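In C-alpha cells below, several structures.
Both of the next two complexes hold chain A, though its partner changes from chain B to chain C.
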Partner chain A sequence: MRHVLSVVVENKPGVLARIASLFSRRGFNIDSLAVGATEKPEFSRITLVVTGEDLVIEQITKQLYKLIDTYKVTDLTAVKHIEREMLLVKVSINPNTRSEAIEIVDIFRGKIIDVAEKNMTVEITGDYDKNEGFLSLLKKFGIIEIVRTGTVAIQRGTGN
Partner chain B sequence: MSAEKMKGSKILLESLKKEGVTDIFGYPGGKVLHIYDDIYQSDIKHYLVRHEQAAAHAADGYARSTGRVGVCLATSGPGATNLVTGIATANMDSIPMVALTGQVSTADIGTDSFQEADIVGITMPVTKHNFLVKDVKDLAMTIKKAFHIARTGRPGPVLVDLPVDVTVNKAVFNYPDSVDMPSYKPTTKGSDRQIQNAIKMIREAKKPVVLAGGGVIGSNASDELREFIALTKMPVSSTLLGLGAYPYNDYFSLQMPGMHGTAFANYAIQEADLLISIGMRFDDRITGKLDTFAPNAKVIHIDIDPAEIGKCIASILPIVGDAKEVLKEMNAYLKKEPMEAKEPWLKTIEKLKLDYPLFYKKDTNVISPQYVLEVINELTKGEAFYTTEVGTHQMWAAQYLDHKLPRHFVSSGGLGTMGFGFPAAMGVQVANPGATVINIAGDGSFQMNIQELSTVSYYNIPVKNIILNNQWLGMVRQWQELFFQERYSATDLEGMQPDFVKVAEAYDVLGLRATKPEEVKDVLSRALKHNGPVVVDIRVAREENVFPMVPAGGAIDKMIGERGIN
Partner chain C sequence: MRHVLSVVVENKPGVLARIASLFSRRGFNIDSLAVGATEKPEFSRITLVVTGEDLVIEQITKQLYKLIDTYKVTDLTAVKHIEREMLLVKVSINPNTRSEAIEIVDIFRGKIIDVAEKNMTVEITGDYDKNEGFLSLLKKFGIIEIVRTGTVAIQRGTGN
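Right, the complex of A and B next:
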C-alpha cells in the first residue's frame, strides 16, 4: 500500500544524506520525497511517499526514528489528511488536438503556462489520484516531459 | 572580565577528561598534529598502534570488557578510512565507541585537498551517528553529545570529524553538564502493563526458552538475568554476544543456539512454546530459515531498540526498554508471587543435553583444537578474558570455553571481522591491567593485524595469542568441503605460513610452539605464567570441522555433524 510519511527532522547539514543512506542500505524504495522548512527554524519537514506492506512501513518508520536527527514520524495515511503535488507537463499538440487538450486542462483546473508551435506546458496541482488521472488523459497527445515536486501533505483539522 | 580562550586541541583533551577517558588508541598524522601536541602534554594515556584498524578494535575491546566508551583517534584521509572496519565491527555489535578523526581545514573541505576523505559520508551507514565539527565553539558540546549518544539507548560508535583549523582556533572552554537533544530520547523503562503480561505468559507456558543476547551484557544485566532464571527456572541460551551473561555450564544453561550452537539448544528452541528474547536480534546465524524457526513459540521480545521489534520475527509481546531495568521489574513481580518449575520441560531438556552433547573425536597423535580450549579452561578456570578472531577457532572458543562471567568473552559477532581478536585483546588488557587476556586466534586471522606485536612489545601489554594453527582458512575450507565438493579455492595456507615463533621473536615477544597433544598443557602454562605478551603456535588437526552445523538458510533442527549423525 502507498503511505505518506511526514518526517520532522533537525534542520542540520547532512540530514537528507542520512535518510537517503538509510533507504538505500535497508533496500526501501522511495516513490517521492519533498523537503522544506517548517514553522520552526530548527526543524525541516520531509514528506516521503513509500509503498510497501504494513510490516515494511513499520520498519521504515522505526528506522527513521532511529536516526538521531529525526524528531517525529507521522504516517498521514492513517489519519485524515490532504495531499498535494504540483506537476509541470509538456505535451505535444497540433491544430487538430489543441482544443481537446485545452478542454482537459480546464476540466482538471490546470493552467497553461507556456505554448509553443508544437507543444504546450501545463501546470497542475492535485492529489495523487487527480494527477495520475490527468496524465493518463494527456498520454494520447504525447507527453514530452514531466516535472513533479513530489507529494506534500498535511493533517486535516488541528492535528496533534 | 572575559574568560580565557583555549585552543581546540586542548578543548578536545579537556572534554575527553570530563568524560572520564583515561586511555586512547591512535595513530598520528598531519591533520591531528595539534591534537597530538596536546596529548604529549596530557595525562591521558595514548597507545600508539601500528595500524589504525587496530586502534578501533582496541577501543572496542576496551569498551566490551568494561562497558566504558572506548576512544580511538586517527588522522584524516587514509588514517580515517583505516578505522572503518573497526567502526563497522563495533556498530554491528552495538559497542559504545567514540572515533576521532582529523580532517582538512574547513576552508579546504570539498576541494579534494591532500588526504581529504569524506569520512562522515563514508561512515554514515556504520555509525550510530557522526559529526563534522565546523566551529571550535561547538567542539565541547559535540564531544558531550558524542559520548552521550555512544553510551545511551542502544549503544554504538560515534565518529567526530575534526578539521585542523577547529583544533587550532580558540574558544572559551565550558564543558556542558547536560545535552539537549529533542530528537534523541531513548526509552529505557519497559511498559509495566507489558511486563505484567509477559509474566502471565511465562507462568502459562509449558516449554519456555530464554534467549539472552549482547544487550544483556551491554546493559550490565547479567546479575538480573541470573536472578530471573533462578526465579523462573527456565532454560536459557546465550547468543555469541551473550556468552557469559549466564554461567555456561549451569543446569539451566542451553549454551549457544544457532548455526554452530549446541544441538540441544536448537532442539529446545524448535520445541518451545514461548521464547523470551532479551537484547538479541534474531540474527540469521541464530534463526536459520526464518519461517522454520521456533514454529510453536510465541515470542516476548525485550529490546532497547524499537526497530528490532518485528524486524525479523513477529513478537506477540514486545517490551521496549533497557534489559537491566526490565529484568529488575520482572524479578520484583516474580518475588512477590513465586513460580513453579516446569518439571516435565526441564526433564526434556535434561535428556536433550544428555543425548546431544558437544562432541569431538579425541586423538592422541594430533592436537584437537577443542582440546586446547579445554586445557585453557583448566588453567584459567574460566576466569580470564578471552577474545577471538573469526573462523572455526572462534566457534570452538564459543562452544568449549567455560563462559562464567559477563564481558569476558569478546568476539566480533555481527560483522565477523578477521583481525579483530588481537587488537581487541590489547584494549581489554589496557582496561584490565592485572587480568589474564587470551586471544584465541586462527593462523589466517592473526596475520590480519600481526603488526600489533610491535605495540604489545613496546608497551609490554601481556596478551596471550594462542593460534590454533590448521594452516587453512579453516572456516571457508569447511564450507568448501561440505558444499563445494572439496574444491579448495584459495584457502590452503600450507607452505605459505610464516614461522609464527620467529615472527614473535623478531618483535621481541615470546614465541612458543606445541605440535603434540602432550605438549599443550605445558606450553600453555608457560605462556600464561610469562610476564609479557606471547604468541603460541599450536599445530592442530588440519581438517577438523566445527559441528554441529546448520547449513546456511536451513532449519536449525536440521543440523549436520551432530552426535550419531557424523
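Right, the complex of A and C next:
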C-alpha cells in the first residue's frame, strides 16, 4: 500500500542521510520526498511517499522513532488528509499551438510563469493524479523539462 | 552563498542516502530538498538548497558526479531561473477574524483548500520570501501547522 509519512526531525546535518538510509537498507524506494521548514526553526518536516506492506511501514515508523533526531512521525494515510504536489513544466510552443496550450493551462488552473519564443513554463498544484493528467495533455506539444516538488500532505482540520 | 542545485539521479533505493551523506559528512546543512519524478521514469530530480562557500559547493558538485547514480548536476544559481515553493498552512480562525484572514489569502493569491469550524488550511506558491511574508501576516491569527515542499527551480526558457 502507498503511505504518506510526515516526519518532524531536528534541523541539523546528517538527519536526512540517516532517514534515507533507513529506507534504502530495507530496499525501499522512496517515491517522493520533500523537506521544508516548519513553524519552529529548530525542526524540519520531511514528507515521504513510500509503497510497501503495511507491517513493514509500521516497523520503519518504529525505527524512525528510535533515531535520536526524530520528534514525531505521522502516517497521514490513516487519517483524513489533503495531498498536494507542485509541478513546474517547460513545454514547447509555436504560433500554431500556443492558444491550445494556454487553454489547457487555464482549465487546470495552472499559472504561466515564464514565456520564451519557443517554450513556456507553467506552474500547477494538485494531487499527483491531477498533475499526471495535466502532463499527459501537454505531451503532444513536447515536454522539455519537468520539476516536481514531491507530495506534501496536511491533516484535515477537525475541531482544533 | 546560497546555492540551488538540481541533481538528476537514477531512481533507485540508496541514491538519496548517498547524496544526503555527501553533504552531512562535510557538515553542510541542507536548507531544503525536494525529490520528484522527471520526464523520464528511470530518473528522479533532487532540488537542493544549501548555503556555503562557492568553492566548497563546487567540490561537492564534482563529488556528486563521481556517484555512479548521478546523471546531471546543475547549479541554477549561476543561470537565470525561477524558484518556487509550495506552502500549506493551517491557521486558527473565529467568526471575528475569518474575513480578515480570507482577505490576506486573496491578496497573496492563496487557495483555501480546507475549512473547519475553528481553522482553515491555505495553499500558496511563491518564492521563499513571498511565502515568509504571507506567514508573517497570518501569525496573529495563530498558526497551527506549516508544511512546505522546499524550493524547486527551473531554468528560464531561452531559445530551445
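Methods note: the second predicted complex is superposed on the first by the 157 of 160 C-alpha atoms of A that agree within 3 Å, B and C clash if a C-alpha of one lies under 4 Å from a C-alpha of the other, contacts with A are read in each partner's own complex, and residues count from 1 in each chain.
By definition in this document, a residue touches a chain if its C-beta (ideal position, glycine included) is under 8 Å from a C-beta of that chain, and two chains touch if they have at least 3 such contacts.
What you see is a predicted model; the values in this text were computed from it and never measured.
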{"item": "Touching partner for A:Ile104 - first (chain B), second (chain C), both, neither", "value": "neither"}
{"item": "First, second, both or neither for A:Ala17, with chain B first and chain C second", "value": "both"}
{"item": "Partner chain in contact with A:Leu137 - chain B first, chain C second, else both or neither", "value": "neither"}
{"item": "Chain B versus chain C as contact partner of A:Glu58, first or second or both or neither", "value": "first"}
{"item": "First (chain B), second (chain C), both or neither touched by A:Met120", "value": "second"}
{"item": "Greater residue coverage of chain A in the superposed arrangement, chain B or chain C", "value": "C"}
{"item": "Touched partner set for A:Ile154, first chain B, second chain C, both or neither", "value": "second"}
{"item": "Contacts of A:Lys66 with chain B and chain C, given as first, second, both or neither", "value": "first"}
{"item": "Footprint overlap on chain A, where chain B in one structure and chain C in the other make contact", "value": "13-14, 17, 21"}
{"item": "List of chain B residues in touch with chain A within their complex", "value": "120-121, 124-125, 128-129, 132, 149, 181-184, 305-307, 309-311"}
{"item": "Complex contact set, residues of chain C against chain A", "value": "6, 11-17, 20-21, 23-24, 27-30, 32-39, 45, 47, 82, 84-88, 90, 111, 113-121, 123, 125, 143-150, 152-160"}
{"item": "Of chain A, residues touching chain B in the complex", "value": "9-10, 13-14, 17-18, 21-22, 25, 55, 58-59, 62-63, 65-66, 68-71"}
